[in-house]
């Protein structure tokens, strides 16, 4: 096994491992077959598993996710690709009303073990309709598990957990991380959903990040360390299950919290997390809680504009510096 | 575009009498649901299928027990036709713990998964892609099962209809689309909001799918058409579409008096009641009126007992509100 | 003018007033014409304004909202009805990706003055797919104004502001309030979007509510007053623009905050509000912030189950009582 | 289902030469966009329309100036055909303040609202209902305008297509649906994922809409067909659908080498280049080759100058990131 891989390859590897393990796993989506997906995240699957396991679809997001649901209810473990997270809006009924509710509203009669994978987030200059961080949409809906890995090894390990989960999982792969490199997942690697990772320890401020904001938070932490401010960086890895205890545990040490979110401030996941902290962790806090989130605007095209809008290491540094003098 | 119409043998008197009795059970259940709603024992809403019994019962008679069925909020008849009892249906409507879905679903979501009746969905059209997926799954698993989606005329105008039919055709899947064209989407005539005369059958060619129109109030005709299309699908010849013309006896939902329907139209359709049509056929087969009446009486008794049993059943334990979100049975979303 | 009207009638009245005032206002939706809408919230409009102003549509949520958008871009002021808020999921692309982004991504070239009205929330026993409080979905999307009135007069007054707004507005009408009575809006009544109302004054705890949770909060406040706890009740009325200043102003007095939300806790609007308070109002807080929100489950059908899941006056009373001893 | 095909006079030599030049401007602009992308001056992605020029230019020639146009992420040709300059298009692609959308939009969202070109949309199919709404608005305001939605073959399989066509037909709206069938949805042949041979035209009957297929690489043919359908629509006879068969010269987007396309197919289509087809027609009308070359030269010069001007233009002011959300010009969402 190579000692370094990319996030992009880790997606395909994660899928391949599960497809080898379990013949019930099948993939469907637009251009995922011979073409290997527009982001090459399904590269090699068609060659290894053939057209009975890897299905090209029409541009029919409702049919893709709806069919995945029907298949999941009847013995398969489908993995549906929605090419860009923005397009989840085209099949939102399935994510909001059908998949997460059918088990509950039938009194537990049916199980929907499926994964909806999608390329999330900005940073590549794709403009307003192809760059959103939409993980917060999914957070509004009880009944969906929400995975958003930040490293190649986590991609493969969380994919294993997602495919094996008997619950529906929305799996956000971050576009800006596809080229990122890291150690590959060891054989049989499974990262259970709902366990945050403390990716840097520190005593002064807790930074909570997700997916592409993890490297942003780490870069900021590194710079702040030079100023004598110790940041603990937590990679949430999942929004549901939400590992609030790891955050509260860190706050017991640092007493200061900053979230680093790519989704817009309004309705962003940090709001939910902060509200838990402001309740259960109120006594731990020594300073205001800050959220470094995207501005409440659509994503602009030009880099010079996008930088203004999304969280950057600069903004995190400024926020933390300001907070540490509170 | 119609598939080869091989002759399908009509049911014999015994089978037809059984179908009649099933339809009568639906009719009495719907009447009971209506009465219970008006007396305050059923809350929320109900969408009754009285008048449309022949579609569910006729189609069901043409399916294997392990074929999958997906229905709509107007789905009591499909749940019953696939083996749910009047008691478990009415208990669900009456918010009892013994309801089909433990009173978590309600009238619009009757489901009997153990009988492969995989649910009633209340977002118009949403279940069509699900049925496509179930058919895909059946093909992948090589089980020979087919999937059937029942839906209304109004559902033919929603995007999910289009996407489902195209995907089913492209993948040559064993799925049947059965439209219950009862002439109305809620209070609006379907003709006012649809560009073609037969909202489902006239669209089938756009997907290269064979489409047929059938008298949805004739249980024998429905059974025959579904038998043919199911045979094709099971043989690997791909999806089929059936548009069953029918009529609902009650309003769209709850206490809707359906005043928007011309009296003449209502009268014409009431004269073409599926139970009467079946009774006529039974008479033709030489079955004495008394036997048919007896079937009807058994159905009435069954439903009467079901109403009483449901009334006596306990309310759900409030703790049940926090179960069944996840496959582990619980609702925990955070540490 | 009658001295009492219903919330339901106030919707139709609000629409009629604007249609009389401005011929560019047209309505479209399923069964809104001669039938007057499934909730009778458009009763009388077809009779008064005829088929050129009130259009029945097929069951085509995407076409309804997409056509409204095209009409709004070209000189009309359409008001689209999406029968139940749950069905917003069927046209979510328009709410999430098209309507709120087109002005921005064209550099301000186009204006989209439309209203999407919808019946929101639970309490009527319609089950999991017809009972959600979905206002938090809209909050995840920058570029939408979000109105959710609690009283008949506010319905009419906020409808005037919504229709006159050059920005797109999602107007949540609460199903459980349709039969609620109150004084009608005076002639010409306009309630600007983004102004919260202090509907009860009090010194001890601030309760922030929206739409159907306003009467819940008021009922709780009344009971708590009997125990000597003074609640200030704020009706937010809008989520965007969000009137955070009124909340912070109240906290300057009470130092204690409880939100009362019908949307689920995860991803609910209270998270965003609490995160603002935990930042800008941190110094004001004397106690943890609590959110009385819906449980993170789909809405169950049976009353006995629904009560467990949604906010009730009982739950608010318990929460406030508990908090006031902190 | 085809509407009455009254004869439409072909363009004379002068007009055709002008159409040729417009197409050449598109061609050179697309080549420039391609080169600028490869040299790193255009970021993100581009979806080039080289090869499809005749659809935009031919259709535009058949429209009134105040007719509405809605396009896709592959929309440079439509923006140009409706009056955007190469400079403002390329400046947008190059993230300059002088870009059509102030560099907030990018390649996929070219818009020139002042010319009634109401945008390029990057969610497949989303703009079809918008065009229906613009046509509805035109009818309500009694302006005699029509609306045109251009879209790809792949877009015919998405729900919004179905809903838009049905509503347009039911309301008899003055809207044209023009499908640019370039045989591929991204890297997948459209034939593999669509149930009928002509993905748009074969579906038109499902909505009672007249559907035609036209050679999309013949600007005269496109102009003629759109003239006819626009005339019908403007006269109140309702929507029309045109499927223009064409081919893209570049890959789907960015640096896609389009290796999935058979060499023989590519070759065949390159021999049927819309510029060559027009040149052939010009020759037939007696226009000397030198005049055509001169038109081409003017187009090349225009685009060359546009590239330089765009390169020299300033980047947008970062503060612009927080404008244009609301009609008041700002982005304030809370007090």
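Chains: A, B, C and D, in written order; residue numbering restarts at 1 for each.
Convention: a residue touches a chain if its C-beta (ideal position, glycine included) is under 8 Å from a C-beta of that chain, and two chains touch if they have at least 3 such contacts.
All values derive from a computational prediction rather than experimental measurement.
On a Cα centroid basis, the chain most remote from chain C in this structure is D. Contact tally for B-C versus A-B: the pair with more C-beta pairs in contact is A-B.
Centre-to-centre separation between chain A and chain D, using Cα means, comes to 36 Å.
The centroid of the Cα atoms in chain A and the matching centroid in chain B are 40 Å apart. Computed centre separation for the pair chain B/chain D is 45 angstrom, with centres defined by C-alpha atoms.
Among the residues of chain D, those touching two or more other chains are numbered 101, 103-105, 109, 121, 123, 157-160, 163, 166, 170, 192-194, 325, 331, 333-334.
Within chain A, residues 57-58, 60-62, 86-87, 89-90, 93, 97, 104-105, 127-129, 142-143, 240, 242, 266, 295-298, 300-301 each touch two or more of the remaining chains.
Contact residues of chain B toward chain C in the complex are 43-45, 92, 95, 101, 103-109, 121-125, 154-155, 157-159, 185-188, 192-194, 260, 315-316, 318-322, 325, 331, 333-334. Residues 68, 70, 99-105, 109, 111-114, 118-119, 121, 123, 126-138, 140-141, 147, 159-160, 163-164, 166-167, 170-171, 323-329, 331-335 of chain D are the ones touching chain C in the complex.
Residue ranges of chain B in contact with chain D, taken from their complex: 157-163, 165-166, 169-170, 192-196, 202-203, 205-209. On chain C, the positions that touch chain A within their shared complex are 86-87, 89-90, 92-93, 95-97, 100-101, 104-105, 127-129, 134, 136-137, 139-143, 240, 242, 263-275, 277-280, 282-283, 285, 287-291, 295-298, 300-301.
The touching residues of chain A, when paired with chain D in their complex, are 30-31, 33-35, 38, 56-62, 86-87, 89-90, 124-130, 266, 295-298, 300-309.
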